[in-house]
Structure formats: structure tokens, C-alpha cells
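Working notes, beginning with the structure itself.
Going by the order they are written in, the chains are A, B and C; count residues from 1 in each one.
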Amino acid sequence: MATSECPHCGYGNPVESQFCVHCGTVLAGQKAPPASDGESAEEAEEQSGDEEAAPSEPSEEEEEQEDATGSSGAGVSGTRPHLAGEEEEAGEEAGVGGSGSGAGGPGPLLRGLGGLLEPADPLSYISSGSGGLDPTVDRPTALMVELRADEEERGHLRRLYAENLPTAVGASPDAAANFVEPSRSGNGLQRRVWLELILLLGMAGALLWGGQSSPGGAGPHALPGLEEAHWQIDGLQPNSLVLVNWAYDPATAGEMDLVAQPLIEHLLQKQAKLIVFSQLPGGPASARRVIARAEESLQRPSRSQITANLVIEGGYLPGGGASLPLLGVAPARALPVDPSWVDLRERFSIAGLGDAGPALTLVIAAHAEDVRRWLEQVQPLNGGTVIAATSAVVGPSVRPYLHSGQLAGLVSGWDGGSAYGRRLDRARGAVEQARSLRRVSGLNWGVGILIVSVLLGNAAGLTERRRP
Amino acid sequence: MFSSRSSWLNRIVLLVVLANAGVIISTRLGLPLAPPAAATTLYGWALVLGGFAVLLGIANAVRFHLVRVQRGQREWLLSLLLLIVFALVLGAGVSSPEGTTGLLSEWVFDAVLAPGQATLFALTGIFLLSAAYHFLRVDRPGGLWILAGVLLMLLVQTPFLYQMVPESVVELVDWLLSWPVMAAMRGVLLGGALAVLFISLRLIVNSAK
Amino acid sequence: MSPFSSGLPGIMEDAGLILGLVISLMIGSYIVRDSFLARLGQYVLVGAGLGYTAVLVWRNVLWPRLFAPLMAEPISWQAAAEMGLLNFWAPLVLGVLMWAGGLELLRRPPERLGGRSLLRLLAAVPAAILGGVVLGVAVSGAVQGTLLPQLGAAVAVSEGQAGAGQATRLVRFLTLLITGGVLIHLQLGPNAGAMENGGTSPESALSEGAEAEDEGRPRLYRVLLLTLLRVWEGIGRRALWLAAGIVFARLVAARFSLVLSRLEYFLYEVPGSDLWQLLWASLRGAGS
């Protein structure tokens, strides 16, 4: 069977594969290598076409582009990361005797994930102008030798991760290199599909029948930081200006709405004046919906009245981190929304931000990056109090900011939102309680299935290891 | 001649980059090299240029699919559908005086964007299970530590487990989150910030060469 | 459907519900396999997302911030000609240049650039300005928002000052130890792991020590320093593993919430809609 090599992990996939069976890299558009069993590349390409979309011959311009990118060495290493190590070694050998920046040129600016996976040595870059650890230039030290050994281990690990089922650490690297290509319906994939189906069925069953169980218990545990967030909002005076950075969109709304709504409800209870903006295109619309639901749960009069009195929509703010400092130094300039939408009174309120700054800033973020960006780009400029409502996964990452006092409070995950909601002074309806119970039940089942699958995975790993 | 012009252009670009970065850094760090208003103006420009850049990115994506349809390349039918949907949504938004807060745009958001994005991202939750099955193993490097962290946190955050575990375990997890894990994440944050500094420095030095 | 689109005729609401359900099912079918339907759903989603974003940028950014003030009264907004020039005309020129240059780049490159090389040169200016601002805010933000406060907090912890709370001296020391260990690990890699797995570290350390001795430096000092570094790095690495486990567990909570939310949509929101109830009632009526 003709196979095409994955440009990321090197795994041989069937030519018709759209994605790599192992690492998920998109293979569509990759040319199959010359087939050994007599199949021509054209035939392979024909096979890879979908029945609904007729593929055409590559045009002249495409060929030109392929030539332009594919002929250079840099292009090859750029598209084949799994070969990068070998190419770099070859490059180093070729560059022996050079000045470091000669044959190989300067090393890549960033090795590994954000420069963190692989250590960067900036001083050597400055001094030699080449990659951080160039054995041809720098005298090899013990640490460098270990680093190179570490590179090999990392390469080994990369290959292990590319396997159908991971081999135990310590097994021969050759075993990983010479593994037999599994079919698309191999054991690993079958197990994956079964696991996913069991998870879906388990959660669906829990949602259907879990709403009838008794509540029991004191609710989810409130992680450190929640108390402080509640205290900050509770201390707000009526009509305090609160800046809300809405850093999530519908993609993560399933979780984030549960975190955001209790805090918004609390802010509206305290009659704080919210100035909401987002750096995501889907952010403003998501904010409008959550605020409307919060108002509904507080039984406020009507949406139009709320919007006019308590919520100013600052809208969408592009430019990422580059434009964010404007909110710190000149918020009135950063938030001029559509003139037909906000009247002069509200614009005056925004202008008031420039004099005293917001009484509080609430960052509602699905990613740690958004909290970090605010604390780096805005807080040093306006020195305001910031609390964060984040996705569960973000909590541990931003906890140092809570500890250093840059964050005045932190609420994370559905459990944080639920624990916060219990502190609010309002009765919960039967529908809301049933929904909450269903979610708890669904989560219980999901985690139960996860724990069982981790145990099964470990058992499978041990079995693999004992197999001769 | 062309190469010398290109090198001249590179120098100009580098100079503009460095001048702007210098204005921002000096203003932020309180150095009296540039008036603070200059930095504010640059932030404002970045905001508007960000808007132009987003539109340019959209134009690029539209062009990509147009070319696909014109040449009948793979999945051209899907590209055609994408272009039709794009044109319809754009038309609905532009024709309404309220823009994205108009009824049609809100309808598109509720009918297409919200359910589509939510479903797409929910898939990652399902795939997480097979990731846990494959990689949460005691015989991996650090597997025992990772598993210990996973199980401790699951004990506290999962409702049915939380009701069973003794108070001491809950306090242990709170302590872990507040001290050792916080300290480790602080190390990561510091490492990231140092990486940003050194990469910026390297970028400037390499460009200057 | 949310209250924001409820002003439309009933048929549009029903159509929206069906469309949302169909797109969700198409995209969700990716679980089974990457099929034509899954890709169809994704393409529709991307097309709608691009259109929505284009409208948003125009209506929410460029029109109110740039074009509306310029068209209304070029210098009224900030009440100063100089400011109007800097805040409106300059970004407009830069934006137009960026657009012109970008569209030029999207075209097929000609054999001779001719007069268009000037356009490319000018178009590089807004890109350079944007790049400079990004570089400036990244560096100053990293220093002001992370490096200095976090270093300060780490030191304060060691001295029992701000942020230390109720922690004992031992805990404060452990915190500093772990932060330092993680930094060493990120910079130097897992040396202790190499030593444990029978790697080259001990030998290399000894040879390094021998070389140091040849150069007249004390060998013991070198070996002790490397051992200390390895132990310290090992502590940081283990703390990172523990943190990774905790982050994974939180990731489970986050992503399972998303799955549950989608399942609720299929199991409760859609069946609870008026259209569905009507369909269900008519089906039951036909059946009986």
C-alpha cells in the first residue's frame, strides 16, 4: 500500500489520509512519495481525491511555488520538523571550521515551545551570532554534553508519542523506529473510539437521569482566591465604574458562562456600572447574552433599561497586546463606541475613567494569556484593582499573580462559579437547580470514566512492557 | 542594485521598529527620552492598524478560496460555499444600520457561530479522554508525580469524590495550589518573561547584523 | 435562540434552530471520522465567522473610530488640529498603505517590480510601526508586569514580607527553592534525569572536574556545584510535574464542562423548543 510520510512525526499514513493517524497533522495537499509498487504519483493523487470534489492537476503557478519553497534546505526543515534534528546535525558537520554564522547561518530564534522546552542561551547568540549551543564554536562543557543527550532523549520520546500505544520508557529506541504500521482500524484507534463513545453515552445518561438525584453536600469546594473576589465586589459603591474585559467567545462559553454569570449578577446587584469590551470578535455578543441572563435571573425590569443604565458596550478592540495599554493611559480614547449607540451621558462616564480610573477591573478569560496581558499592559499603567474569572485550566497558571497581589481575587472553573453563586443573596429556581444537578451528575460520570480509562491505560502499558 | 535597495529598505524598517519600540519602552520605564503622549499616539495607531490588519487577513482568506474555486482545486465546492456564506453574512451586517447588533447578525451568531464554535471546541473534551488513556502512565518520566497531581485535584474538584475525601486532603490540595504549585508556575512565568526579553534582544541583534 | 434575535419572524427563529442543530451535528460527526459533512460544517462556520468579523471591524472599529469622526468634522473630536492629524489622518494613511501593500503582496509577483517597489517600501512602514509597538509593549510589559512583581514577590516570600501570609519559614524557603529549581530546569534541562538513567552526566562532570583541575581550579568545588545544580533542578522538575498533573485535572474540568454544555443543547434546548414540540406533537398525532 502506498503511504505518505507525515511532515510532523514521520509516520507513514495511507495516501488517502486527510490527517495523520497519529499526530493529527493535516496531510491534505501533501504529495505522496514515489510508490514502490508501481503506482505513479498521479495515481496516488487521484486516489486521494474526494468523491465530491474533483481534484485537478496542479497549475503552473503552484509548481513554481513548490519549486521556490521546496528546493531550499530551510524549506525542507520547515515542513519536516521530525527531520529537523538530523538536518541540524548535518548542518553542524558542514559548518565545522566556520565562524558559526557561516554555512548554517544564525540559529533559529526560538527553539521549542516558546523557548521553554529547550533552553536558550542568549549570551552565546550575542557573542557568536549562531545558535545557542554551537559545539563548533563553544567549548563543550558537561552541561552541553548532557543537553545533547537530552536532545536524543527528547527525539526518542517524540517517536514514542507517535506510536499507536506508547512503549515503556527505557525500551529500545530501535523498537520505536521499526514498529509495524498499524492499519486505520488498529487497536489504539478502536480503543479511542470506544472510549469516546462510552464517555458520551455516560455523560448523556447522567444528564438525562441525573437531575432527579438529591442535591446533598455543601456544593463544590471554593479554591483560594474566591473569597477575596467576593469581598472586592461586595465592597463596591453604587454606580462604581467597573471595566470588564470579556476574553472569551462561544467556543468556551459552555464553561465560561457558568463562571461569568454569578460575578455579573453580583456586580449588577451592587449597581455597578459595567463598561464591557472584548478583544475577540465573538466576545461582545457573548457578553450581551450573559448580561441579559444575569438580569433575567435578578428579575430586573427590561433589557433596554439595563443596557442604558448599567452596561456600556465598549465593543471590539483589535490590536491585541499592542493596543491594550491605551486602556491604561487613555481609556476614554480606547473605548469610543458607535456614536449612534451610546449617548453623551454614557460617553461622559467613559471619560470619567481617565480621571479616576475604574473602581475595579474584571478580566473574564478562557486563556491565561489574557489575564497575563492585562496585568502586564494595563495594570502597571493605571494601578487599578483587578480580579479574574477564568476557565478551570487557567487557575493554577495565574495563581502567582494572586500571590504577588497583582490580582485581588480569582474565581476559576464551573466549581468556582458555582461556589460563588451560592454566596449571592438570591433564591435559585427549580429549573436552575435541576440544571445544576444534571451538570454535577454529568461531571461525576465523566471523571469516573476518565479514572477507569487511566487505570486501563496503565494496565495496558504494563502488559505491553511484559510482552517479550 | 536591487539587493542594495533591499538592504536599504531593511535598515529603514529596522530603524522604524527600533524607534517605536524605544519610544514605548522609555515611556513605560519612565525614561525621559520621549514624551508620554507619543506612546499614547502609538497605542492608538496600533488599535486602528489592528483593524486594518484584520480586514487584510480576511481579504487574504477570501482570495485563497476564490483562487481555489477559479482553478477547481480540491474542495472547491466547499470553498464556494464558504464564499457564499461569507457574502451573505457580510451583506446582512452591512445592510443593517446596527451592524453586528442588528437582528440578522444576531441571528447568524445564534444560529451558526455559537453552536458551531461550541461544538468544535467541545470535541477537544472528548479527545482528552484518549489522551489521558495514552499518556497518564506511571512508567513515563515523572508519571507518578503527574498522576498524583491529577488524582489529588480530581478528588477535590469532582463532586462525588469531594463528598468522600477527608478534610485533610482538601487542605493539602489548597496548600499545594497556594505554595508549591504556585511557586512552580511562578518559575514558568519568570522563564517566559526572560525568554521574551532575550528573544527581543536576539531579534534586534540579529536584524542589526 | 437568544432574546437578541427574537425580533425576527417565527420562521427565521425555527430556521435558526434547525441550522444550529444541523451545523452542530455536522461538526460533531468528526468524532466518528473526518467526513465530508464535518468539513462542510467547518467551512460554513469559517465563512460566517469571516463575514461577521469583517462587519464587526468595520462597524465597531474603523467606522466609529476613524471614518465617522473624519467625515463629520475632521478636527472636532479632540478639538485640536494637531491631535486630529495624529489621531485620524496619520492612521488612515498608514492603514491605506498597509492595505495597498498587502493587496500588492497578494498578487502574483511580476518579473519586474517597476514602480510598485515604492509601494512595497511604503507599505513596510505601517508594518514596522506595528512591529515596533508590539516589541515595545512585550518587553516593557514583561518587565513591569511579570519580572519585577514576581521577583519581588519571590524575594518577599523568602523574607517573610508581603504575600507570605501564614506560611512558616520552611514553606517560604521551599517556595523560593521550587521557583529557582524551575528556572534552572527551564534553562539547563533535565540533567538529574540523565544522571538517573545512566546518562553521561557523572562522567562528564568528572571529566569537567579534571579539566578544571588541570587549569588550577579546585575540582571538588566544580563537582559540588554541578551536584547542587542537579539536585535543585530535580526539585524544580518534580514540582513542575506535580503542577502539570494539577493543570491536567483542571483541564478535564474545563473541557468536560464544554462537552456537557453541548450535550445539554442536544438533549434539552433543542427538544424544549417550540418547533420541536410542534413536530413531536404532530408525529404523535399521526401515530395515534
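Going forward, a contact is a pair of C-beta atoms (placed from the backbone, for glycine too) under 8 Å apart; a residue touches a chain by one contact, two chains touch by 3 or more.
The shown structure was predicted, so the numbers you read here are calculated from the model rather than taken from an experiment.
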Far-end chain from chain C, centres as C-alpha averages = A
If you tally the C-beta contacts, which comes out ahead, A-B or B-C?
-> B-C
Note: chain B sits from chain A at a C-alpha centroid distance in Å of 8
Between chain B and chain C, tell me the centre distance in angstrom, where each centre is the average of that chain's C-alpha atoms.
-> 2
Note: chain C residues in touch with at least two other chains are 2, 4, 31, 49, 52-53, 56-57, 59-61, 65, 87, 130, 133-134, 137-138, 141-142, 144, 146, 150, 153, 186-187, 190, 193, 243, 246-247, 250-253, 255-259, 261-262
Shared-interface residues of chain A (touching two or more other chains) are 50, 52, 116, 120, 196, 199-200, 252-254, 282, 284-285, 288, 317-318, 320, 322, 325, 333, 338, 372, 380, 392, 395-397, 400, 403, 413, 415, 443, 447, 450
Which positions in chain B touch two or more other chains at once?
-> 28, 43-44, 46-51, 53-54, 75, 78, 99-101, 106, 109, 113-115, 117-118, 120-122, 126, 128, 132, 136, 141, 147, 150-151, 154, 157, 177-178, 181-183, 185-186, 188-189, 191-192, 203
So in the complex, which bits of chain B are touching chain C?
-> 5, 9, 12-14, 16-25, 28-29, 41-56, 58-63, 75, 78-79, 81-90, 92-94, 99-101, 103-126, 128, 132, 136, 141-142, 145-154, 157, 176-194, 196-197, 200, 203
Would you mind writing out the residues of chain C in touch with chain B in their complex?
-> 1-2, 4-5, 7-8, 12, 15-17, 19-21, 23-24, 27-28, 30-31, 39-62, 65-66, 86-87, 90-92, 94-95, 98-99, 102-103, 106, 117, 121, 124-144, 146-147, 150-151, 153-154, 165, 167, 171, 174-183, 185-187, 190, 193, 236-253, 255-259, 261-262, 265
Note: in the complex, chain B contacts chain A through residues 28, 36, 39-40, 43-44, 46-51, 53-54, 71-78, 97-101, 106, 109, 113-115, 117-118, 120-122, 126-130, 132-141, 147, 150-151, 154, 156-163, 170, 174, 177-178, 181-183, 185-186, 188-189, 191-192, 195, 198-199, 201-203, 205-206, 209
For the chain A and chain C complex, residues of the former touching the latter | 18-19, 50, 52, 61, 116, 118-120, 141-143, 145-147, 149-150, 153, 170, 193, 196, 199-200, 203-204, 207-208, 252-255, 258, 281-282, 284-285, 288-289, 292, 303, 315-318, 320-322, 324-325, 333, 336-339, 372-373, 375-377, 379-380, 391-393, 395-397, 400-401, 403-406, 412-415, 435, 438-439, 442-443, 446-447, 450
Complex contact set, residues of chain A against chain B | 28-29, 49-50, 52-56, 59, 101, 106, 109-110, 114-116, 120, 122, 125-126, 129, 157, 161, 165-166, 168-169, 188, 191-192, 195-196, 199-200, 216-217, 220-221, 223-224, 249-254, 282, 284-286, 288, 317-320, 322-323, 325-326, 329-330, 333-334, 338, 340-341, 372, 380-381, 392, 395-397, 399-400, 403, 413, 415, 440, 443-444, 447-451, 453-454, 456-458, 461-462, 465
